[in-house]
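Encoded as structure tokens, here's the structure I'll be asking about.
Just so it is clear, A, B, C and D label the chains in written order, and each chain counts residues from 1 on its own.
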Amino acid sequence: MVEAIGRALAQVLADDADALLMGEDIGVNGGVFRATAGLQQRFGDDRVIDTPLAEAGFVGAAIGMAMVGLHPIVEIQFDAFVYPAFQQLVAQAGRFRWRTQGKYGLPLVIRLPYGGGTRAPELHSDSPEALFSHMPGLRVVIPSDPQSAGELLLAATRCGDPVIFMEPKRMYRRGRQEVFAEFSAGDLEAAAIVRQGGDLTLVAYGAMVEVALAAADELAADGVAARVLDLRSIYPLDRDQLLAAARDTGRVVVVQEAPRHCGVAGEVAALLQEEAADAMLAPTLRVTGMDMPFPLFQSEDQALPSVPRVLAAARAAMDY
Amino acid sequence: MVEAIGRALAQVLADDADALLMGEDIGVNGGVFRATAGLQQRFGDDRVIDTPLAEAGFVGAAIGMAMVGLHPIVEIQFDAFVYPAFQQLVAQAGRFRWRTQGKYGLPLVIRLPYGGGTRAPELHSDSPEALFSHMPGLRVVIPSDPQSAGELLLAATRCGDPVIFMEPKRMYRRGRQEVFAEFSAGDLEAAAIVRQGGDLTLVAYGAMVEVALAAADELAADGVAARVLDLRSIYPLDRDQLLAAARDTGRVVVVQEAPRHCGVAGEVAALLQEEAADAMLAPTLRVTGMDMPFPLFQSEDQALPSVPRVLAAARAAMDY
Amino acid sequence: MRADGTGTSPAVPAGAPGGALMGGARTVLGLGREDRREHLRGLPSGLAIRLYSAMTHLRAFDERAVILQRQGVIGTYPTYFGEEAVQAASVLALEDRDWLFPTYRQTAVVTLRDCPSVVPLLLWRGHPGGWHDVMRYRVAPICIPVATNYPHAVGAAWGARLRHEGWVALAYGGDGSTSAGDFHEACNLAAVVQAPVIFLVTNNQWAISTPIVKQTRVPRLAEKAAAYGMPGVRVDSFDVFACYEVIQEAAERARRGGGPTLVEAVGYRLGPHGTADEPSVYRDPRADLLWAPMEPLGRTEAAVVEAGVAAPEQLLELRSRAFQELRDVGDRLGELPLPSVEELADSVHRDTPWPLRPERLYEPSWARLEQTPPWS
Amino acid sequence: MRADGTGTSPAVPAGAPGGALMGGARTVLGLGREDRREHLRGLPSGLAIRLYSAMTHLRAFDERAVILQRQGVIGTYPTYFGEEAVQAASVLALEDRDWLFPTYRQTAVVTLRDCPSVVPLLLWRGHPGGWHDVMRYRVAPICIPVATNYPHAVGAAWGARLRHEGWVALAYGGDGSTSAGDFHEACNLAAVVQAPVIFLVTNNQWAISTPIVKQTRVPRLAEKAAAYGMPGVRVDSFDVFACYEVIQEAAERARRGGGPTLVEAVGYRLGPHGTADEPSVYRDPRADLLWAPMEPLGRTEAAVVEAGVAAPEQLLELRSRAFQELRDVGDRLGELPLPSVEELADSVHRDTPWPLRPERLYEPSWARLEQTPPWS
């Protein structure tokens, strides 16, 4: 996935003279994940900019740039290091268009590598998507594979409003999926059915899609046809596809890495019971991270949603 | 309510030599809401401390104080000005006990006046409780009246872990309820039934309790006996009382000021359908703020959950 | 007095106007009479009047806003009484293509770029018509969270530099704002990338009830510039001519590629923090009396008349016109119709997502759909 | 050379060790031979050996950690190779009752307070046994988000002052951390309340791949102290004796009520940022070679031997012991049993809330309850 992101960024820089990249160590070093490797050499250090260690400062600066017509794409180095920029994102970026009565927007993309499963130190495995999706004026998008990463990143750069683009870093070097030579912009609000099935829907996003797919395989062995819906858009949710899945399968399990309380899985569950209560054959069950700090890495596999945990929930939903 | 908070603070300062208050303009000025009026005069400027304008700095300093045995109670001046301290709260305060393998805690209270309905300027009406309740290691508590404010504040100062104590500022000067001369510590995890009823439960917290009570009055006129459950604890939720309400009444409406997506109302709805699906006679309906910046004050009454909106949802639940 | 005809106010006891507190602050009005006259006469033709006129307009706006607040027409309002000089100078010293980044305290600077006064008044009336047209005036929306606007100005200015556009950005703030992390991150970044930006910090010695000595141990805020490797200059915030000069110098340096400047406009907050604030609770009203004579409009008027740059009647005329205009604006303030919540919801995103579409704003949302609820 | 027998390194061309970059930095090892010998002999009895021994221990820990990382026993590890001098000095210059606030780069300072080495190693092995006993050692948990530990140290020190306890706090950080808002807010607050705190900023000229010139226009970080009204001092980070002296002076000043000090320990990051970093991608390996002779352990050893304070065999003995100890610790690293997730969940709050109780950690949580699910 990290290559796809690098390629999409190169495409944006080549196509849009106003686009530029900013962040810590993204220049000659190519970013700690190498997402921007080679881009400074190719586009120059006015387009691919190393910043001081000051997330509020450079996210705030990106807001100012976007106000005057540039199209900054900001890399936050790791999950938790977005917190110092929280005020700029939620009290400033998300409110700009509203402060212009809808007239002007901030074409601003924040790239945020996130999530666990990479044996990383403390605060390098957070999943803060619910925070941003709760705060008005921000879109939150999470791809799950190289192709969707490229397409959604392209779409994010064209959306005209701030997008928190979260990259499940556990997927950065997963496999080596074929991606199209040139990306075209994806649909920023659309979930994707990544596996068809009529008995049950597993809703997931980011690295959890892989887990859901593996669980679906095992369910198939049991004769249960599980649909896997990759949310992709965390704000707004793809309501139509969620309701369709509920109606088609009547049983839904939502998988998320983040802590449970006030997370995205709860939002999905609340929405489905509100709007598809008649169609539900079982409660929407949540398989989530725990309401505790993401554990140090020796315990991460036990704390992360896993195939057995998804299976347990899926079977409970089927048995309901 | 603001007097009750002032009295509870005085009680804590008098009883606990390690307790101190910090914040902007809380000293001789008594805070912009006068919650701390007279306290610096009474307890001295080593116990009631005016800080520079630096929320990350003084919340961080309070963390350091709490580490070495002081019991700081920090006032954030208004809702949105907690965002600059976000990193210190979620990446530091909430994680300290976990970083000591459970051995030591941070006795730290963050007082946060919040919410709309006071004709205030932009960013003076936010309701960020869902954010803190999603992040591990923090308790989130919201009183709805003077008595619960005093009791819960006292309990918060004794809980041994960081508490985000949110004060619905719209209730600060509401009525003049009788409060006990001396507060005793309340139960930090308990919701309270503030009105009995068996047909429907209105779940609310903070200033929305008043709205729910008013709606319950109107429902009573229709012959519908609505229970009103004041959550008080946002993290953790009082699961027992929520499930009991669901079982007793089968119909639940949750009222919250904050935007809907990934809010507390959604968490309640998700929990009830998960654990009380058999008892539910209707979907749990949400009456919430909108997924947009809290509007400038001329429009706030239309955007805030109101009695008619609660009634509409309650009637829909009854008709289900 | 310096070779260029401007001076530095002498060190007189702290606390008093023009005291040690103002030490090192550039002044024109504090010059000897002859030098002052000479200075004013040497200004480009019409400039003194334009500055005076801008100040008058700002004063009229502020007075009207306070009255409207007392009448309950608008909500809490942060008066800027006493800051008219530095604010007027900040706009006139720049070009129209330069960007401004105001806070709650510079509500009306956009009106010096020809935005109707009704617009910022509406903001304090809690009406979205109060958000001015950002692109048209090249003035950012006011920032309420202290210091958050500094990084915006840096980014905008940096953008101008990257695209060689030649304009500069100016961000406003107060003494309290210099304690905030965003101030620091912005200053540091601006210096590193040599962004053409001016940090105009009005040190009025108070942040609500917090005096500067509780805010920082370096109350001469201009000295903080040294930490970033940028020039820091002090100027008398009540002195429109000195402010004009200092800001123009900073802008020229920025345009020439000389990077950012920290301008400390030092003075005193002559009024309350805002209409909800009562300063006598926390500061000695006698200090207010000491500072009252620094009130900039009167001083400017006296100097302009003294220099013979304008006749008293001309100034009076300007003043009455401004006050009359604002009175009229105030009278019509209630007239603008309020957009519906549905319209507000439609102004948050370019492509409004479904939770903000009209049919879903209120709940139970399915009850408002044409179709019957899913379960019926 | 100064009257107290210490000196300031001469300004020689920038970029090279001891060059302009180190200008103004306190040095002992850089003194002339006689002065250096005199200085070392004048130290309290046993101190030189204790400093050397502490450095040796830190080096042994760091080398072992890098090896364990290569063996896959621990995860990514931020080596502090080359910072042993400043780190050892920071602990020994303080009293045991003083509090330390380390970052990821000072993983092992707690072991100089007698915490077993296995503890911080376990942290990098992703094991919660890696969190040391904070109260016992008076060392805060390491802070990974850059600069967040500065305000903690300020608050702790301020607390000591409010309670007249006489101890001080020291917070570590790097050149990159000075760009962060938390650094600024902490320094400003410390100066205002005169907190007895030391900001020990190790300027190794790099923040991962970002050189100091992209970090700030004031690369002599000690100069930033002026913005806060506190003393700022520079010291050679490779010089354990100079670091000891400077930190002790700062601590004494703080204890006497003299408030905070910013200490800039200047040098160069001799190694990579961490085990996942490849510096040759972004910096010239020839610069590494230039700086390599500054490696502090060898220089200290030479000076100690030269001064006749210890015999080479004694030092060799200390070193072998330290390396052997760490090898043994490393060999036993896998032995500590891992707490269950249920135990982890029980360590987040004093009174564990229901969502973290064992029966509710996994889902569907009702399936693990004794009772049957609600709908059966």
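By definition in this document, contacts are C-beta pairs under 8 Å (C-beta built on N, C-alpha and C of every residue); 3 or more make two chains touch, one makes a residue touch a chain.
In this text, all values refer to a predicted model and were calculated from it rather than measured experimentally.
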State the chain with the largest centre-to-centre distance from chain B, centres being mean CA positions. D
With centres defined as the mean C-alpha position, give me the chain C-chain D separation in Å. 44
How many angstrom between the C-alpha centroids of chain C and chain A? 40
Whole-Å distance, chain A centre to chain D centre, using C-alpha means? 35
Which chain A residues reach two or more other chains? 51-52, 54, 56-57, 80, 83-84, 87, 91, 98, 122-123, 136-137, 235-236, 261, 274-275, 277, 283, 285-286, 291-293
So chain D residues touching two or more other chains come to 128, 145, 179-182, 184-185, 188-189, 192, 214-216, 344, 348, 353, 355, 364, 375
Draw the chains as points, connect those that touch, then say whether the picture is a line, ring, star, complete or other. complete
Contact footprint of chain B on chain A as seen in their complex: 56, 80, 83-84, 86-87, 90-91, 94-95, 98, 122-123, 130-131, 133-137, 235-237, 258-259, 261-267, 269-271, 273-275, 277, 282-286, 291-293
Residues of chain B defined as touching chain D within the complex: 20, 46, 51-52, 54, 56-70, 72, 84, 87-88, 91-92, 96-105, 136-137, 139, 159-161, 189, 235-236, 239, 274-279
Contact set on chain D toward chain A in their complex: 75-76, 104, 123-128, 130, 144-147, 176-177, 179-182, 207-210, 214-216, 276, 281-282, 338-341, 344-345, 348, 353, 355-356, 361-364, 367, 373, 375
Going by the contact rule at the top, pick out the chain D residues touching chain B in the complex. 99, 101, 128-129, 131, 133-135, 140-141, 143, 145, 148, 150-160, 162-163, 169, 181-182, 184-186, 188-189, 192, 344, 346-351, 353-355, 364-366, 374-375
In their shared complex, chain D is touched by residues of chain C numbered 179-185, 188-189, 191-192, 214-218, 223-224, 226-230
